[in-house]
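You will see chain A twice below: alongside chain B first, and alongside chain C after that.
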Partner chain A sequence: MSDVTMRIWRGDPAGGDFEEYALEAQEGEVVLDVVHRIQATQAPDLACRWNCKAGKCGSCSAEINGTPRLMCMTRMDQLPEGPVTVAPMRTFPVVRDLVTDVSFNYEVAKRIPAFEPPARPAEGYRMQQIDVERGQEFRKCIECFMCQNVCHVIRDHEENKPHYAGPRFFIRLAELETHPLDTNDRRELVRQRMGLGLCNITKCCTEVCPEHIKITDNGIIPMKERVVDASYDPVGWLGRKIMRRPKRSPEEAAAGSSS
Partner chain B sequence: MTTVDDATVTPVVLGGTRGGPDVPTLRRDRWWLQPLVSASVLIAFVVYATWAAFANKDYYVGAAAHRDLISPFYSPCLTASCVPGSHPGFYLTWWEISPAILILIVPLGFRLTCYYYRRAYYRSIWLSPPNCSVADAHGSYSGETRFPLILQNVHRWFFYLGLALNVILTIDAVVSYGEPGVGVGVSVGSLVLTANAALLWLYSLSCHSCRHLCGGQVRRFSDHPIRYRLWKLVTPLNANHMKFAWASLVFVALTDLYVRLVASGAFHDPRLF
Partner chain C sequence: MVDYETHDYDVIVIGAGGAGLRAAVEAKERGLRTALVCKSLLGKAHTVMAEGGVAAAMGNVWPEDNWQVHFRDTMRGGKMLNNWRMAQLHAQEAPDRVYELEAWGALFDRTTDGRITQRDFGGHRYARLAHVGDRTGLELIRTLQQRAVHLGIDVFMECKVLRLLTDDDGRVSGAVGYWRPTGEFIAFTAKATVLATGSIGKSWAYTSNSWESTGDGHAMAVWAGADVIDMECVQFHPTGMVWPLSVRGLLVTEGVRGDGGVLRNSEGTRFMFDYVAPMFRAETAETEEEADAWYEDHINNRRTPDLLPRDEVARAINSEVKAGRGTPHGGVFLDIASRRTPEYIRRRLPSMYHQFMELAGVDITAEPMEVGPTCHYMMGGIRVDADTEAATVPGLFAAGEVAGGMHGSNRLGGNSLSDLLVFGRRAGIGAADFAEGRTGSPQLDDGQASAVIAAALEPLGRDGGENPYQLHHDLQQTMQSLVGIIRTGPELEQALEKLGELRQRADKISVDGGRAYNPGWNMATDLPSMLTVSTAVTQGALHRRESRGGHTREDFPTADPELGKVNFVQRQRVERGPDAPIEIGPEPLPQMPPELTVLFEEAH
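Moving on to the complex of A and B:
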């Protein structure tokens, strides 16, 4: 079997660089296998994060040949000829080698207002299948944070981090906004504090999602349209003025109103 | 409950060492090809449409040629300068320049604020970012939060106006089958106008605002069965919005070109049956 050359970024918060490792190719391997072989034979101190090796835990995100991918789901034989570059995710602070500190995402998660059902749902209420299905797609998220990583709003403009939730959390917000029993109205929250307007829908989040969630089409754009309903729709605004109604009345919200 | 008041800023330490080397991209594939193609088609269209809109002639093939074909760039033709037969019976006397300029504001606004075209031109023309995991070409970034880009939020108004225009272009297509002095017939020109109208309908109906207004807006589908059905109907169209966006863009220009060539006498519009 032919040889493969891996260029793996080695470093820590003080800085780092690529190191090359040459080894024999083995049939059926994924990038993570090769990284493990390098750990076992050449660089026992090489740090990488992984867990399931089945594309389900979301731990092994890295940038392979410059594109965010799961190391455990990227087959070596599907990469183009030549050295394979493996670098840690760009958007997050590096801990060591391929391991980054993704706690930014956990901080954002804490700031998402939780599901808030009405005090007493209507007697005999049962959630219907069509309402269940709507949020199901978003629940496939494995939190690999590659969408957060590829999003240029924070990847190239770090200063936006404190007030930008990012694609992973826009779909969480979309899921809650379309939950039939949720009583919170998150439209102003996403507009004013979670930076939905910073997203310019260039769809890289959708491109890198290993679960093929249509993040932009089914999550972000519907949320943008809801924000338009609440804040940028002159007819809606006029209607509310005439009817003297707030954006969504507390009664409507408590009843889990649909519009 | 509106949740905005409790929101706190996400604590992050900025300016530390980040993952990987400080280079614009580590990609080695031809990532520049996609933005290059998009930019080329968009620029070619803008150049052609601008020229065609200011040309102010050869946009209508009338009774003299036994046809009733109008270019989509000039329909409805609403000004006093419109050639006889091309306007709908009334016109605006105060509009001095080409009638196309008056009409093209609608499709221009519709396509400029379209979610898909935004992706296309933010990537290919504004380079923000040029492609995924390729660095943004700009130092600072405020997305669509400020003037002028905050105006992208008016998209649904252009959607409504675009629907009205589609109705007019559909009428144009239908009347093009009634060939003056000959009777009802099918010519290549009428088929071109029909295909153009069909593509524009597909483009409009697959619009994200359309999907939202059909049913995406409601919180509980089970309370709104009709809106749910509408939403279900447009969702597969919406998934192909990009294709319809390109197809209708290219075809509308080709339709104008066809009418223009016939009107200028380059060739006669062939009658099929």
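Moving on to the complex of A and C:
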């Protein structure tokens, strides 16, 4: 088989550049296989994060030929001919080579009030399949953080990070909001502290999602509608007061107390 | 002298898969200072790979199911080598652990009346696996991760633990390791330490395991003087991908067969009907008609042989390929396309659909998959007390795949996720009880910590030595070819010899670059674990001169009733120094009480 040329970004927080590696192509390989072969034969300290190599753990996100993808699910034979460029995700600080510091995401996760169901009835919780499927779509998320990486609110805008949760956490919040058992109301929290209003639905996140979650259409847009309803719709407000669903008030949830 | 940071906790949990997370949650809920230490980012552990489901006798689909049936299935699947008490606790407590996950936000698939639905799996008499499509492991780990974050557990991510520390009384008192991003060292003191480090599969060439499965916990326990049992019992899952080569070994869930898929050889024959062992004959269908009718009616039909326990199916596939009835890439066909509609397949098995479509260019709704055995699961592990998960060294606890006993010589599908939950919780309780009762604060022994650090740094100071990647590759080839699915005495002897050579080469590893996120150095620090564990597996396999469950000896092809009464226990006498050999010998299994033995006498 013919040779392949890989242009891989090497460096650390101080800076770096692309380095070229040439090696023989092998049938059926994905980008991560080639990176591993470079480690084993040419650059033993080439840093790259990976785990399952099956598209299930979301560790090996990188920008391949400029597009965020999982290295383990990108077949070499489906990339255009010519050198293949692999760079770290740009939105997060570089640790080394292809590895980035994604701790921003773990910090946002800590700020989300937990799921809170009513007491379990003696016969157990009952939920219909059709009702759990809404949340299940969002729970397919493997936390590869590629949606965060392409979101232009924080890509190249470090200043927005403190008050913007990003698409991954909008669908986490949407999942909780649509959970048939959840009693927390997080709409004010989403509006005031999670920066949902900054998203202007360009759908970049949806395009890169390896799990094909319709982040914008099924998560963010319905959330925006619910948040608007909570803030500005007096009929809806009255309806919620009369209905006896034991949701906590938006203000309580926004205060961030979670238990 | 190299500096290191220090941290003090009541309980540290090493490993953040399902078992580690569940243990940490339990200790934290008790109000103890709890740390969770993991080699990868939180939520990436190998548990995410689990596909099929959590086995729990909830009886939501088949009200006939109960813990006694689950217990019996588990023991028979393990060929009666299981620790009966663990199997009993597991069967009794699994349903509560599933409902607990639901209360923490997990969204399992539902029955038409709104309860958690359950699917069929190999070796389980009734549809028993609570699931979320074919991504149940992800649901489990995410739910536990979110619970852990909510409780405010301190998480040390991308932090690799090298060794356990012991105090003067021989109690485990903490651990030492390093941060992968920086290479800086870190030491913990803890009143109780839980190992939940998962599997060992990365010592084989074809495995469903991720890079993390290097047997760190198994090895660290041995180095601390703890007993390990049943190390010869390694499960080769019957259905891994065989092509393309780069993904060879990647798991194809048993759910494919649970949902109607069947195995065929190159002649199109459903060959599993020819491989029904006497133990399973009474409950297994004899014709394709009966097997197919079973999916809809479990009461009046017997189950399909495609869903025999994994060891049986893996050996059958091996035999078919050996007899020349394999597929072009050396596997057999797994066919669900001709048996279920494309819509059904995509709904029930979405991950499998994408995995084959994207990695192999195969549409599983239109054509059969090619599959073959892959190193998947470690039944053997740290010997623990069934109720508390205490190891034989005080202060040390173990749960999940790193612990031995629960699954005997072969694990049933679905019993792994339930194992993580049941024994993760129990290990958390055991560790918390021990921590609360422990007198005095564990002191950090700087001599021990510094010696561990010095050893870890050696490869970085060496020039022109062995390449760690090459050494790993050679280890994988050795274990794959000599300690694989079918074993013989002479090959195992040869493997021990080769492992001795590899250990010597490992002393001469040299690594380029610095300490910050250096995968070559990381590999060098993983190799001691892999070599220790591989040696223990090979020794166990050599001593167990019979075939039982996941352990198959070509030179002893049948089960020996006498060997069925013992565990092979391995132990390093640490008082004799770090190079003391790992000694091995048989010890009797715990005795099952009469009220449980009676379950195996009833005709079924």
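Assume the second predicted complex is superposed on the first by the 224 of 259 C-alpha atoms of A that agree within 3 Å, B and C clash if a C-alpha of one lies under 4 Å from a C-alpha of the other, contacts with A are read in each partner's own complex, and residues count from 1 in each chain.
Operating definition for what follows: contacts are C-beta pairs under 8 Å (C-beta built on N, C-alpha and C of every residue); 3 or more make two chains touch, one makes a residue touch a chain.
Computed from a predicted model, the values in this text were never measured in an experiment.
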{"item": "Joint occupancy of chain A by chain B and chain C, clash or fit", "value": "fit"}
{"item": "Once both complexes are placed on the shared chain, angle at chain A toward chain B and chain C, C-alpha, multiple of 10 degrees", "value": "140"}
{"item": "Touching partner for A:221 - first (chain B), second (chain C), both, neither", "value": "first"}
{"item": "Chain B versus chain C as contact partner of A:80, first or second or both or neither", "value": "first"}
{"item": "Touching partner for A:201 - first (chain B), second (chain C), both, neither", "value": "first"}
{"item": "Partner chain(s) touched by A:159 [first = chain B, second = chain C, both, neither]", "value": "first"}
{"item": "First, second, both or neither for A:148, with chain B first and chain C second", "value": "neither"}
{"item": "Partner chain(s) touched by A:104 [first = chain B, second = chain C, both, neither]", "value": "first"}
{"item": "Chain touching more of chain A, residue-wise (chain B, chain C)", "value": "B"}
{"item": "Partner chain(s) touched by A:90 [first = chain B, second = chain C, both, neither]", "value": "first"}
{"item": "Partner chain in contact with A:61 - chain B first, chain C second, else both or neither", "value": "neither"}
{"item": "Overlay on chain A, chain C to chain B nearest C-alpha distance, Å", "value": "10"}
{"item": "Chain B/chain C common contact set on chain A", "value": "12, 128, 179, 182, 258-259"}
{"item": "For the chain A and chain C complex, residues of the former touching the latter", "value": "12, 26-30, 33, 39-41, 44-59, 73, 75, 95-97, 99, 101-102, 106, 109-110, 114-115, 117, 120, 124-129, 132, 135-136, 139-140, 142-143, 176, 179, 182, 258-259"}
{"item": "Complex contact set, residues of chain A against chain B", "value": "9, 11-18, 63, 65-68, 80, 82, 85, 87-94, 100, 104, 107-108, 111, 113, 116, 128, 130-131, 134, 150, 152-153, 155-163, 177-180, 182-189, 192-195, 197-204, 207-208, 214, 217, 221-222, 224-229, 231-234, 247-248, 250, 253, 256-259"}
{"item": "Residues on chain B engaged by chain A in the complex (per definition of touch)", "value": "1-4, 6-21, 25-29, 115, 118-119, 122-123, 128-129, 132-133, 135-136, 140-145, 149-150, 153-157, 208-209, 212, 216-224, 228, 238-239"}
{"item": "Complex interface listing, chain C residues touching chain A", "value": "40-46, 48-49, 99, 102-105, 107-110, 112-115, 132-133, 135, 137-139, 142, 146-147, 149-150, 157, 181, 210-212, 243-247, 250-251, 351, 354-355, 358-360, 467-470, 473, 511-514, 516-521"}
